[in-house]
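Next come two complexes, and both contain subunit A; in the first it sits with subunit B, in the second with subunit C.
After this line comes the complex of A and B, so read on.
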């Protein structure tokens, strides 16, 4: 874990430096300027952080709601045209997002979704959903639906079957799929820029504009804020990535 | 205390050519153990799942005590099924597994805990509440699955291959346990098996299915003594089938004339059958219902001996292979190549229709 954090040390130094030129090992002059800007009442950073969080969480939730039934259909059942459906699910990963986004932008303008939060969430679902569906499909491929039949026979109503049997069994997939969804949405730049139209400013948008302006201290401080939630999510879910509860690279729990 | 009636129960799977279950009509008596027996793929598990409400019948009806349950959803049907592979919920402890049905019914926790402890005592696994399913042996998992089904006090207990995953000594233990609890609760029990021995030792009534169709329904002895067809007889280990022609009580066969007063068939072409253990071997005696034969091979099987004999009659017809089972001492009494007299007692002879 310590090794994992090492790359962030220069970022930390940059964020509090005022003058730092080659060949100095550490900054020659220090300053809190970047951090005080970040937490200033009228800075754009905190609203952007809020937008990013709302969009990423909404995208994650929606993609899981889509991913559970879709993954069940792909992983558990065999049906006519399944291969075609599989390719269609993967298509957004293969096709360049810019090509898709241009077309969708036109449609979104017509339906009043352009430049709105809802529109950005919807467009984020395009790159996110394939990953969640594929992870849920791999979970359901190792899932025995007879557990549900057994639970019903013992007197569980359909809602109870999901709560007590299906949900615990697919939880590792939900966690890992959710992690993917959150991180992809969190770091999405291009689609937010196009559909958000400058009205929906998320952290990546802010980060790119600061990076363009060449303000290294501010860029570094923003980068640290940008990385924070992703790291927290990763740590919280790491027990589902490896070992007995692993959702990828093997079997789920049932 | 529930009688189960199946009325022309039929299941046709989409895309399936033949019905998985075809016009199955059975009256399953209250408080008894009934086996649905048949080779794999004969539709017996489909029939069981239809009773449980897990599969919707294509046609026909299922009645519990005369009332149709087709409109009753699985969770309210009170016909609890215990699956073949135990299917203990892996994320729950033993006590959570057993208490599952009560929890779903909203029974309060202290009552559940007490009932779970009672059930564990009943299946002779006291004190294992906190274990996880993967920490249990196969036999223990089986008993936990049984306790989990029994705790909800079902009207009908449905068991899918209850003894099949157990080794020999666990089988007899499990068999006693099932019969014990079945009698204690006076539970109507239906189980599915492909193993005729399992059906015979556990069931009061056996329903034999081939290709989704009922072949014979009755107590276990009937399948040995009075099979309805050659196939049924063969499924229960029948090996001796002698073609013959029936007229009244006389059956004319290549081995001579045999008397069979009990057979219900019409006169005409028949197959005469007799179980190998009912044929008496003798080195000299003569009399009615007999034939001569030469011993081709013998196998000593510990508790008994099995002979293959080529029997021939007076007529110049090819010999008929007959199998005979005697006590273990028979292997010393009769040698391979020896000429023996076979006696087929008329009350042990049974006739089945000659199949064309």
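After this line comes the complex of A and C, so read on.
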């Protein structure tokens, strides 16, 4: 854990530095300027944090709702045209987002989705969904649907089957897929800027605007805020990333 | 496993449960101002009373024929304005989201939404994209902080609303006869943008290391050759870098450079080779022997702050002072201008032709020109930007207040800054110059 946090030490130092010139090893003067700006009511940082969280969590939830049935179909069944479907699912990972973003923007403007929260969530689903579907597919490839038949034969209703049989079995995949979805959506810059039109302001947008202007203290403070939720989610789900639950390493062949 | 799972889900639920609270927190700032505005009607304030009518004998802007300024204010009430602007400096953002947003809300019941950009060209592209998609009246961009090439692009595509600037009640405070106001990089403004600040290039140096900086271009070149590796400039097309080499090219072209508004290929081919020779002549003595240049003004500032180079150039005469105050520049930083002068320009706000809230945008543009806003903006404690209004045109009270403003340690006096203001290279010449620099200096 300590090793994980060590790289952030320079960021922490930068965020409270006032004067820090080469070749000093630590800042020669200190200041809370960056942090007081971050927590100031009108600095847009807290609203951006809220927007980022709402968007990332909504994207995660939706992508899991899409990923479970899609992953089940891909992992459990063999059907005609499966390879084509797999390539189509992977397409957003292969095709650079910029190539299609302009076209998507036009369509979104026409449907009134540009500059809205819903539009940003929708466009974030494009890069996120392939990962979730693939992870769910690999979980379902190892999954034995006969447990479900057994539960039904013992009188379980469909809801009970999902709750007591399917859900616990695929939970590691949901957690890992969700983590991927959250982190990808959380750090998305280009699609947010284009579809959100600068009116849906997320943390990466603010971060880039300060990083570009060379204000190191503010950039460092914002970076730390930016990393925070991602680390919390990583810690909460880390046990599923290790081999014990076989979510990643133990997935079956697609 | 079941138990662990519960803990995890529990955390997630807590997290999600906290979300509405976080968002609420975020919006309380503006909420508080809103209630305040309702309790205190706007028209009572004396500043608003003075601005009821537009300047006499002036044509109202398109769409407002036969209407008065009071009609514009009435229409603007309750609107939300999206102001797209460069958002890279915290003191400017603070001033916009604090003083400007609060006053706008209290006086006119207009909500200001600042959209921070990395580069203004993003706003230009957004307007172009929207119009291409058929958004003619309900565009997202209500106002852009703009000048130079971006103004050129939008004006030539006929995507700016106007002429409107002459109709603003505070417009007579501006000296519209000044060529550095009524033309923007050579292109006539024609009231399609409204000025709100002025800039002039100054050169920053550290007086502790360099008590007597060279203040002529020949002197600077001599200094560069005598001190290898201690000078560089941001690579064009960085705004600051382009402006800096303009001085050398003016110098190389003689004292009265024949750069007309329209681009003249023949004059360009005759005058600019001397400039490239000059720049190539100093290149081996630059930082990293001129193999590479800082890619932005921000990197140049870093190099200067860390003492790698001895000079920084900036378009805001007060920037060095505010960077000293912010701790980024050494306390002994000072600035100078060349004896032969430095380029000066004006920055503006413009309203896209498809903006949804034109009335609110005009009210804001007018407010930015009010003595109140100009004074607050000129205060180094807020921003330190130079007034776009001519202080001599204001009331004696305001004149006294302006002259009593404290100046930053590194800021030159108005007397020096008002003299020898050189025009910027016309926008039509900039692209050829930037390309010429790349081909003849960078790649050689």
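One rule holds for everything that comes next: the second predicted complex is superposed on the first by the 250 of 254 C-alpha atoms of A that agree within 3 Å, B and C clash if a C-alpha of one lies under 4 Å from a C-alpha of the other, contacts with A are read in each partner's own complex, and residues count from 1 in each chain.
What we mean here is this: a contact is a pair of C-beta atoms (placed from the backbone, for glycine too) under 8 Å apart; a residue touches a chain by one contact, two chains touch by 3 or more.
These numbers come from a predicted model, not from an experiment.
Annotation for the three-chain superposition on subunit A: subunit B and subunit C fit side by side. Once the two complexes are overlaid on the shared chain, A:165 sits against subunit B while remaining clear of subunit C.
Looking at the shared chain after the overlay, A:117 reaches neither subunit B nor subunit C. Contacts of A:16 after superposition: neither subunit B nor subunit C is touched.
By the touch criterion defined above, A:152 reaches subunit B but does not reach subunit C. Touching more residues of subunit A than its counterpart among subunit B and subunit C is C. Contacts of A:201 after superposition: subunit C is touched, whereas subunit B is not reached.
Distance between subunit B and subunit C in the overlay is 8 Å (nearest C-alpha pair, rounded to whole angstrom).
According to the touch criterion, subunit A has no shared surface contacted by subunit B in one complex and subunit C in the other.
Looking at the complex, you find that subunit B touches subunit A at residues 49, 52-54, 74-76, 79-81, 83, 85, 87, 89-91, 100-101, 104-105, 148-149, 152, 158. Listed in rising order, the residues of subunit A touching subunit C in the complex are 17-19, 21-22, 29, 31, 33, 37, 40-44, 46-51, 53-54, 57, 102, 105-106, 109-110, 114-115, 171, 175, 193, 197-199, 201, 205-206, 208-210, 212-215, 217-218, 232, 236-237, 239.
Contact residues on subunit C toward subunit A in their complex (touch as defined above): 4-5, 8, 11-12, 15-16, 19, 22-23, 25-29, 82, 84, 86-90, 93-94, 97-98, 101, 113-119, 122-123, 126, 129-130, 132-135, 140, 296, 298-299, 301-302, 305-308, 326-328, 330.
For subunit A in complex with subunit B, the touching residues are 144, 146-147, 149-157, 160, 164-165, 168-169, 253-254.
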